[in-house]
Amino acid sequence: MDKIKMTANVIRQDEIAYEVYSLWLSAKEIANIAKPGQFVNLFSADGSRLLPRPISICEIDKDNGNLRLVYRVVGAGTKEFSVLTSDHSVEIMGPLGNGFTSEGKKAILIGGGIGIPPMLELAKELDCEKSIVLGFRDEEFLSEEFEPYGKVYKSSDAGNIGVKGTVMDAIKEYAITGDIIYACGPLPMLRAISDYALSNGIRAQISMEEKMACGIGACLACVCKSKDIDEHSKVNNKRICKEGPVFYAGEVEF
Amino acid sequence: MDKIKMTANVIRQDEIAYEVYSLWLSAKEIANIAKPGQFVNLFSADGSRLLPRPISICEIDKDNGNLRLVYRVVGAGTKEFSVLTSDHSVEIMGPLGNGFTSEGKKAILIGGGIGIPPMLELAKELDCEKSIVLGFRDEEFLSEEFEPYGKVYKSSDAGNIGVKGTVMDAIKEYAITGDIIYACGPLPMLRAISDYALSNGIRAQISMEEKMACGIGACLACVCKSKDIDEHSKVNNKRICKEGPVFYAGEVEF
Amino acid sequence: MNTKVSIAGVEFKNPITVASGTFGSGMEYNDFVDLSLLGAVTTKGVANIPWAGNPTPRIAETYGGMMNAIGLQNPGIDTFCERDIPFLKTKDTKIIVNVCGKSESDYVEVVERLADEPVDLLEINVSCPNVKEGGIAFGQDPKALYDITKAVKAKAKQPIIMKLSPNVTDITVMAKAAEEAGADALSLINTLTGMKIDVKKRTFAVANKTAGVSGPAIKPIAVRMVYQVANAVKLPIIGMGGVATAEDALEFIMAGATAVAVGTANFHNPYVTTEIIKGIEDYMAENKINDINELIGCVK
Amino acid sequence: MNTKVSIAGVEFKNPITVASGTFGSGMEYNDFVDLSLLGAVTTKGVANIPWAGNPTPRIAETYGGMMNAIGLQNPGIDTFCERDIPFLKTKDTKIIVNVCGKSESDYVEVVERLADEPVDLLEINVSCPNVKEGGIAFGQDPKALYDITKAVKAKAKQPIIMKLSPNVTDITVMAKAAEEAGADALSLINTLTGMKIDVKKRTFAVANKTAGVSGPAIKPIAVRMVYQVANAVKLPIIGMGGVATAEDALEFIMAGATAVAVGTANFHNPYVTTEIIKGIEDYMAENKINDINELIGCVK
């Protein structure tokens, strides 16, 4: 069983924060083999929008063959998805990318903004001690769902949730330690985490983003600069959709 | 009150023959002023299909502000409309075109195939003696709805409904007479009717078709050759969407 | 907030006009939009005498757009001056008359006839792909473009806008030829030559075989050409090609257009021009832009 | 029913191949389609040495299509020969290697290196709008195209397909130049140069500023060019540009293409190539066409 494109029925959808939606899809073939940190491509039903919308997998319910996606409305594609109800279906392709690799004894999971969702399935699956750091702009979402899996620390730009500032501020404030970091979030956050991890000798797996066309490594749209020569093109360009989206801090330059 | 573009809610839709659909829309502003023989433009919800689909008005329910359209699925646009249910709405513009003009004492209404629907509202509104001639390929539809308004004669290409042959065969077979003909249907049928009307000195109003873009007379896509110099461009080209779709036999050449 | 822009000294109350041939002379769209809200109305091409245009079918739908080969059907300049100009003068908007011809003398005849008419700008269509003579022939050869521009300019009483064809290897060569010959402004793009085959009927979808592609599908090509031309010549540009939203119009403005014409989108939504004007104002308010002129060519 | 077609003596089991750069060397799409079902696989452009390509963002969505400025990232011909050709040889399909370069000698080097490799056809990309040197520069000037064609042909052991740029005034001039210089076949169209501006960020959507537009949006332009070229030269044509359905492929064939390449559509639907092959067979059955070759150029 490998990645496929299929029609997934919508099971339910809820707006869990302002313009942030939680979408449960029935996608047995994908759910069966998906791992935390992988993503799926969602396709618009409107013929004027042909490129896929990559969305990380937030939860995998293998028993029922369901997938949960959590996404923010930022443009026409996500706007379209946000009105889907259980009467609808959506074209979906996956699972895509490498996903997170379990390692270490004491993990720090860091999610920033719409980078929080993929950390949830990881939190569920990781079998070790976990600190979970979640950074918000000014509205909290999903955080109580992390509670069962580890101690949850929070930060917010506005200061209304947890520590005022970034996830790095929360890490310092609470002196959070670990031997492996898993992170997903905006580029400045990933940069700060990379720097922190590299200078403290901690391994860090970070999940990257780039515009995508094929989602499977064929088109070379989604590359990021890599320290080592990449296997595919021999030019220090790793494909986020294929070698990523999860890379080690230091492996990619950004 | 003039023509507008609006969002019309679907009241109900039924397949009344193979790939022929009857669609009731709530479109008060249009229904209020529509006349038999006029048409509306329907717009696709898919951004890849931007041009309007012109569809004749089949029935006008002014009391409730509703319009009935009956159309055949021939391509992607009509296919899309055919799945609309009372949960949906559709963009619609109208009323467009001139419509039929009531005249004479003894009318022959002739509809061929998907040209039958616009004759229904006309049959309802015409206050005179009426013979109604309906031509089918091999499947009957809508004909019993004409019964209250006049004597209905039928023909079919396959011969399974009424006279085998065309509407002209039915007219000859039943020796149908009148002092005014109203007709809508395929080009060869309109041509035969025009010839018949002209050579017998009967007036005939025939409804024409052409590919359209604006639907209101601005783009000059939908012209047909006219006997007289047209008012708009002075070149014997009448606009079907504006001066038509209903023309007198002899007024247009085709 | 200032939305006024100026094309060759003619001030538009806002940058939005319509693309020639998609709006008639405005009469039909007057039922949907108040023409006085538009920066300018650009008319359908008009020739010295009536033209019958091409056989039907004249149009076909294409993916995300359409194609047309109307063939410049028009009533000729006499009827136009008697009927269309007086109508437009009742509206508080600028008037751009689009001029077409089969030969240099045809163009000059129309331009001379318009000299004493109350029109603000002349748009010279040397880029229609749908007529055998004239049209695009002038628009694909810099020398021919230079000559016709010069000839028209010599007789024109109003500023002239040369309308460029996108069906060329290097649009900046054409823009420079028009500039050197004395054009006051440029408009681009006209339609891209296309073809559609009806595979069921095994025939051309449009009777003329080839037809001009327009609509959102061609927008990226139009934006690129406007950007190239804005960075190659000093003339003001009326940008067009697939504009259907305020964002689309702003894209053209940021690429270097001073005004923007809306064409095919009118067919899909007859209210679109005024919606775009409103959308531009909203964008300016949200982004604290006091003067639309600040946005012209701001992306380099 | 015969679906076999022949390009310069190389027989495809059906007319469907993929457009260079949209399918890698087929490895990734092998998870979705059995490559042995395709008439041919056309590879991503390969140069004499590895190329890093352009900065990101490299792509943007456009209305009914997309634009890309990948910049021909590729591993160079050595890795390609070691890895990609052996992989493709395990499939029962023809191999078309797309060749790119910055100078004539780059192209010639790749072509010579491929002389003893088991590839069937060479497609020479002289039309990439996304690299500064080479690419489109050869594809917009008939003299340059003639010279590069001649130089490549002199060294090539396989038949050569010259891939033409649509960003020209008259595509038939280019086609004739390639034909005269000895090309064995032509493929067209490459992407149309476009631009997209992100009005929120007031910046270019693609880092390279301009990028090549592909997808259904450009199909009418591609069909027109294939028709023009088919009626101007004797060479077989691989048609492409926006093919997403069997009807699209048939449009190209009826316009005069012998084979058809599917590009951008793979991104939307990775199964699309085999669906198109099936759709063509269905069309032939329904319309009682015994041999696909009857349809080539049947609409005049």
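A, B, C and D are the chain letters, set down in written order, and residue numbers restart from 1 in every chain.
The definition used in the following text is that a contact is a pair of C-beta atoms (placed from the backbone, for glycine too) under 8 Å apart; a residue touches a chain by one contact, two chains touch by 3 or more.
Computed from a prediction, not measured in an experiment: that's the story for all the values here.
Touch-path distance (fewest steps) from subunit C to subunit D is 1. Seen from the Cα centre of subunit C, the chain whose own Cα centre is farthest off is A. Between B-D and B-C, more C-beta contact pairs join the chains of B-C. The centroid of the Cα atoms in subunit A and the matching centroid in subunit C are 46 Å apart. If you average the CA atoms of subunit B and of subunit C, the two centres end up 35 Å from each other.
Note on chain placement: the centre of subunit A and the centre of subunit B lie 55 Å apart, centres being C-alpha means.
Multi-chain contact residues of subunit B (touching two or more other chains) are listed as 47-49.
The set of subunit D residues touching two or more other chains comprises 63-65, 216. Contact topology of the protein chains: fully connected, every pair of chains touching. Contact residues of subunit C toward subunit D in the complex are 62-65, 67, 140, 167-170, 192-197, 199, 202-204, 210-211, 213, 216-221, 223-224, 227, 242, 247, 250-251, 254-255, 283, 298-299.
Subunit B makes touch with subunit D in their complex at residues 47-48. Those residues of subunit A lying in contact with subunit B across their complex are 45-49, 87.
If you check the complex, the residues on subunit C that touch subunit B are 21-24, 27-29, 31-32, 44, 50-53, 56-61, 63-66, 68, 70, 73-76, 79, 215-216, 264, 266-271. Across the complex, subunit A is touched by residues 63-64, 216 of subunit C.
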